[in-house]
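Below are two complexes that have chain A in common, paired first with chain B and then with chain C.
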Partner chain A sequence: MVVSATSRPGGGRGSGDPGGPPPPSGAGRGRATARLSVRLRRLGLPYLLILPALLLELLVHLIPMVIGIGMSFIKLTQFFIRNWSAAPFAGWSNYHLAVDFNGPVGRALLHSFFVTVTFTVITVALSWFLGMAGAVLMQGEFRGRGFLRALFLVPYALPVYAGVITWSFLLQRESGLINHVLVDQLHLFSDKPFWLIGQNSFFSIVVVSLWRWWPFAFLVLMAGLQNIPQDLYEASSIDGAGWMRQLRSVTLPMLRPVNQVLVLVLFLWTFNDFNTPYVLFGKTAPQEADLISIHIYQSSFVTWNFGTGSAMSVLLLLFLLLVTAVYLLITSRRRSDA
Partner chain B sequence: MLTRKPYVFAVAGALMFAAAACGGSNDSSSSGSAGGGSGSITYWASNQGTSLESDKQILQPELDRFTKETGIKVNLEVVPWSDLLNRILAAATSGKGPDVVNIGNTWSASLQATGAFVPLDDTQLNALGGKARFLGPSLAATGAPGQPPVGAPLYSTAYALYYNKHMFKDAGIADPPKTWDELVADGKKLTKDGKWGLAVEGASVSENAHMIFTLGQQHGGDLFDSSGKSQFDSPANVAAVKQYLNFIASDKITNPSDAAYSNGTEALQDFIGGKAAMVMWQSASGTLKTGGMTPDDYGVAPIPLPDPSSGGKQVDSMVGGINISVFDSAANKDGALKFVKFMTSKQTQQDLNKAYGSLPTVTDAYDDPAFQTPEIKTYQQILGNTAAPLPQVANESQFETLVGNAMNQLFADAASGKPITDETVKAKLTEANQQMTN
Partner chain C sequence: MRDPKWLKWVRIIGLGLLGLFTVLPIYVMITSSIKPLKDVQGDFHWIPTTITFSAFRDMWSTVPLAHYFVNSLIVSTIASVISVVVAIFAAYAVSRFRFPGRRAFSITVLSTQMFPGILFLLPLFLIYVNLGSAIGVDLYASRTGLIITYLTFSLPFSIWMLVGYFDSIPVALDEAAKVDGSGPVGALIRVVIPAATPGIIAVLIYAFMSAWGEVLFASVMTDESSRTLAVGLQGYATQNNVYWNQIMAASLVVSIPVVAGFLLLQRYLVQGLTAGAVK
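Then we have the complex of A and B:
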């Protein structure tokens, strides 16, 4: 690859160097080749310019994905991690195992999938709602606006680990601040509830995740609001539109392209989020909050069964691709209709 | 000339990229053992002390002594437990890792199956002083039976019962419990005024797995049958799990909050803080000392054994410990083996086990007065007589994860007052058993 990359432009330069003395015979042909090579160069230049980026893209994104898909078709356990080629071909058996919802592995995966979908829908909806509310309320000028804006963005700016580990301290049953307030101060419960195991763990992960993601929605929507021309609000208020009507007829329609991207990105990030549950619960999440990213991690790394884990990852990838495609199809069509 | 410039840049960029991509693999193979060469080795130590930094301070003088004796320089990295297995797996997969590494001895058979470590044959073991020099149970935890070990035992530990002498005295209890009935009865006396009899790490996968192994043995059960097939839901194992959960569920000698303890420090902190009077732990003396407790404050006794007539095995602990292994891909295998010999030598064993509060793995190191304390003597007795190694099977880590996880969920149920019956326990264990890919 290295040799061919250097020889091609080098050769072109030799035959078409305009600064060099013209060849003794066939000057016209020489000029024609020069012109051709110039045109070729013009055509090829853009491709050549993106070549490094393309190679990087292949290296960073595509190759690991292809390897992951390959892994899902072999029985890759601890016996073979040193020499993958020795791992027996598994065919579809890893996939069968993952989608056999009567078997224990498939059932656990399906459970985890439903937990994750519920978790994602709630988190995205609430994040969007809070972000929207925050952005709209912050739209007008008032004292302390800058401070509040900065404050709202803190969770997003904090390193995940620092933020989430603090939550896990707050949510401790015995010594956590939340139980201290709820039980010792407000006497809302007679017995201290658990927040990190059992039923409540689901609410804990939703709250922590919401805390982490809503500032992003806030940030994006705030930027989107800046782009709505002030005239629209003035014109609508002359027409007698109140605040609510303005929100419905000006703000929301104008934000539609922003929302389209925002909801999709929030959905994908929340669905795939590994850091938040991992820091909050550790390597093994409680069953009620068994999010799919942790579940797959456990199915591959903790139990040393990389083939099954890869098969699950591929299934997850396909699901997210499908959701994304359907979502984009629906939202773009609606936009072109409107 | 100007038009040509972008061209040149693009080509140069592509070339540099290609060179970097190709060169990457060459570079890393030589830097795999950071520093490479015959004069140095890379050593990944596990976190044995109170922090990674304290480990470095404890290990460095020994490493300096090794360099002085052999001329081989040691590049030390202390790897936290949460990363160690992943790092070893990555090193095994890529063939690029350190020369020498510490492993938890329960991983021995799993890692043996990867073939990533140098098996120690008789010649190599003789170079370390021969098999007889090592404690039998510790040596048994270096790989599957019948195969050459994939490491040498470095530090030994076992589970023992730590009890708070003052709290026992206040409750009018003279001696530590010798049977489980006594332990529960004592626990009930000690549970009052916001203090509890026994603290457990109810959400710690590994602690749960270790306890179920021990209690299962006591009920006469095995986690794997003779052919290596898992049988987590056997009646003996169900009884073991139930017994452990009942400390919270029916005996009520353990704080339900313990069901959420997962990071391997919380139960011990409760013990140090006087919130719990007993705790079953491995080599806790170092942490207890840091917490301000002296041997006057606490005592160490073996975990209760079953009545010999019950048919259960006389096992009160798993064989805990750390092994030291040499990577097959080591750039400096000779130096690595010399280092293993050094780490298992009498002097090093005495120095390091003294610092860590663990037990030497070699018999000749015990003549130091530091290993004549009642605590160490108790441990020595446990390791010598009543400890058994966890099943040395290739899918041991799968067992720990699945059973430990099932236990976490059951503990959560027990803590929230849901009934713990043979059926509920068996159902969870059956589920875990089915997920084993035998």
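Then we have the complex of A and C:
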């Protein structure tokens, strides 16, 4: 994201000259002052334009983040929540608690972390694969193409709570469609399994997230495919390249910049996703599907321990920063090598 | 590109399976909303045996759905419109001016995408409570607070997409407007905004959708009077009975505005992505 948004050469080139045409010589003092104020206005204009965005980001993201980091160093339990400035300084003890993997809090956090990593890797890989398959198969003209494209985008357009709550109905043990198909119709199990608690809840959250996220990959990849010049296909066709060869040697390399951004965005959104598990499982997720954002939410709001919750959030942010930096470093280098 | 024969079958099977996966919950949502309560509590049936529209009538009284609906509509509309205006200004500055701090601004705004919402949920809550009582405006548990929060959520993506879009509009067009006597802001309004309309519409849809669907902050930052659909819909399940048919009917009704809007305008989103973000 960062790379493609800021380092594109030539974007907006040449228009940023704040000075305008060189002033005619011999201008009077009044005109000089007027010109100076025009110059100043021009110089200030970009800052004026970004000011609203900057203020809003400061208020909602940056200042709360700094406060959140501060909160991770105080003992903010239910006794101090009404008067949080009186909470005693805790030093690193919240962090010690969070990363003490022999203690119950640290062990639970580590477990939740591994569940989330597994969940994210599977969901992102499958979302990308389905999105890619959908986008590639949709190329070319055939009947019903427009309808299918619209249909595939519906899960992405549906509000999370409406889509996910429907899934939780499908996954009900007694009255859900999934058990009806698997047990009543296909006779795969002798007893109806639970899907929203226990071991199976991990599969449920993966399937539901996949259902929600693959249309986004599909949308972005479809837009990316439209940007590949058609003559590349024609040229490779003349060279005797078949369909598979074109996919490997034209489509995938041309999509690399799109994929770089898409995979990163999918990773961050999936890793931080709170909405899907919250609507599917409620405030307390089953152990097997205890995703990190729900875990921290629960540690903060259900047990009223905001200091430790903040420390966990800070650790999570550091992890995401590290992964993003390494990812951008690796993928950007590979891009410039290619 | 010549397609091999087998591709036709791969296409039919592949797209068929994707279509099935996509449509399954939607089918259940629609058919369950027209079933009577006892039919959604017992064994599942593919085809409704008794069709009734009572769920569509009862859902308004089981929870104050209309109230939540109005709240969601007000919050999402105002948040998305302001967000787009703010994003247009910022994107124009980033696309057309070279100024110290430009890169830092872009990186800062984009990196907020990475923040786990949970990290700034509680601090924001504390800020709203304190700031609200200091300036005498209710920010916590009010629609105003929710609007301010939501409009920043869509800002990074909106700015990023619009910068790409504005970059694709030739600077010569701006220059022509300036020759005609417009300043930079005049050029933005007269030339850049009309030329970027598809991108702006795309960003507007995105901003509206993200506000309409947000759950985490809605669950902490609202009370009964400012509650939005995201939280309100869970009200059907906390009663003694789980009214699945009403939940499905309500889900269907609250989805229609966004899905219809999205499907009508999705080509702008694809165009916007094609012209800007993915280039």
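To be clear about the criterion, the second predicted complex is superposed on the first by the 292 of 338 C-alpha atoms of A that agree within 3 Å, B and C clash if a C-alpha of one lies under 4 Å from a C-alpha of the other, contacts with A are read in each partner's own complex, and residues count from 1 in each chain.
Here, contacts are C-beta pairs under 8 Å (C-beta built on N, C-alpha and C of every residue); 3 or more make two chains touch, one makes a residue touch a chain.
Because the structure is a prediction, the values reported are computed rather than measured.
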Partner chain(s) touched by A:P277 [first = chain B, second = chain C, both, neither]: neither
Which superposed partner A:L151 touches (first chain B, second chain C, both, neither): second
Touching partner for A:L59 - first (chain B), second (chain C), both, neither: both
Partner chain in contact with A:A133 - chain B first, chain C second, else both or neither: second
Between chain B and chain C, more extensive residue contact with chain A: C
Which superposed partner A:V314 touches (first chain B, second chain C, both, neither): second
Partner chain(s) touched by A:I165 [first = chain B, second = chain C, both, neither]: second
Where chain A meets both chain C and chain B, residue numbers: 1-2, 5-6, 13, 45, 49, 52, 56, 59, 174, 301
Residues of chain B that touch chain A when the two form their complex: 1, 3-4, 6-7, 10-11, 13-15, 17-19, 21-22, 86, 89, 92-93, 95, 110-111, 113-116, 203, 205, 255-257, 259-260, 262-263, 394-395, 397-398, 401-402, 404-405, 408-409, 411-413, 415-416, 431, 434-435, 437
Chain C - residues contacting chain A, complex: 1-4, 7, 10-11, 14-15, 18-19, 21-26, 28-29, 32, 40-45, 86-87, 89-90, 92-99, 101-103, 105-124, 126-127, 148-149, 151-152, 155, 159-160, 163-164, 166-167, 171, 174-175, 184-185, 209, 212-216, 219-220, 229-230, 233-234, 244, 247-248, 251-252, 254-255, 258-259, 262-263, 266, 269-270, 273-274, 277-279
In the complex, chain A residues that touch chain B: 1-2, 5-6, 9, 13, 19, 41, 45, 48-49, 51-52, 55-56, 59, 77-79, 81-82, 103-105, 108, 172-174, 192, 194, 196-199, 282-284, 286-287, 298, 301-305, 308
Contact footprint of chain C on chain A as seen in their complex: 1-2, 4-6, 8, 11-16, 18, 42-43, 45-47, 49-50, 52-54, 56-57, 59-65, 67-68, 71, 84, 130, 133-134, 137-140, 142, 148-163, 165-167, 169-170, 174-177, 179-180, 184, 211, 215, 219-220, 222-224, 226-227, 233-234, 237, 242-243, 246, 257-258, 261, 265, 268, 272, 274-275, 278-279, 292-293, 296-297, 300-301, 306, 309-310, 313-314, 316-317, 320-321, 324
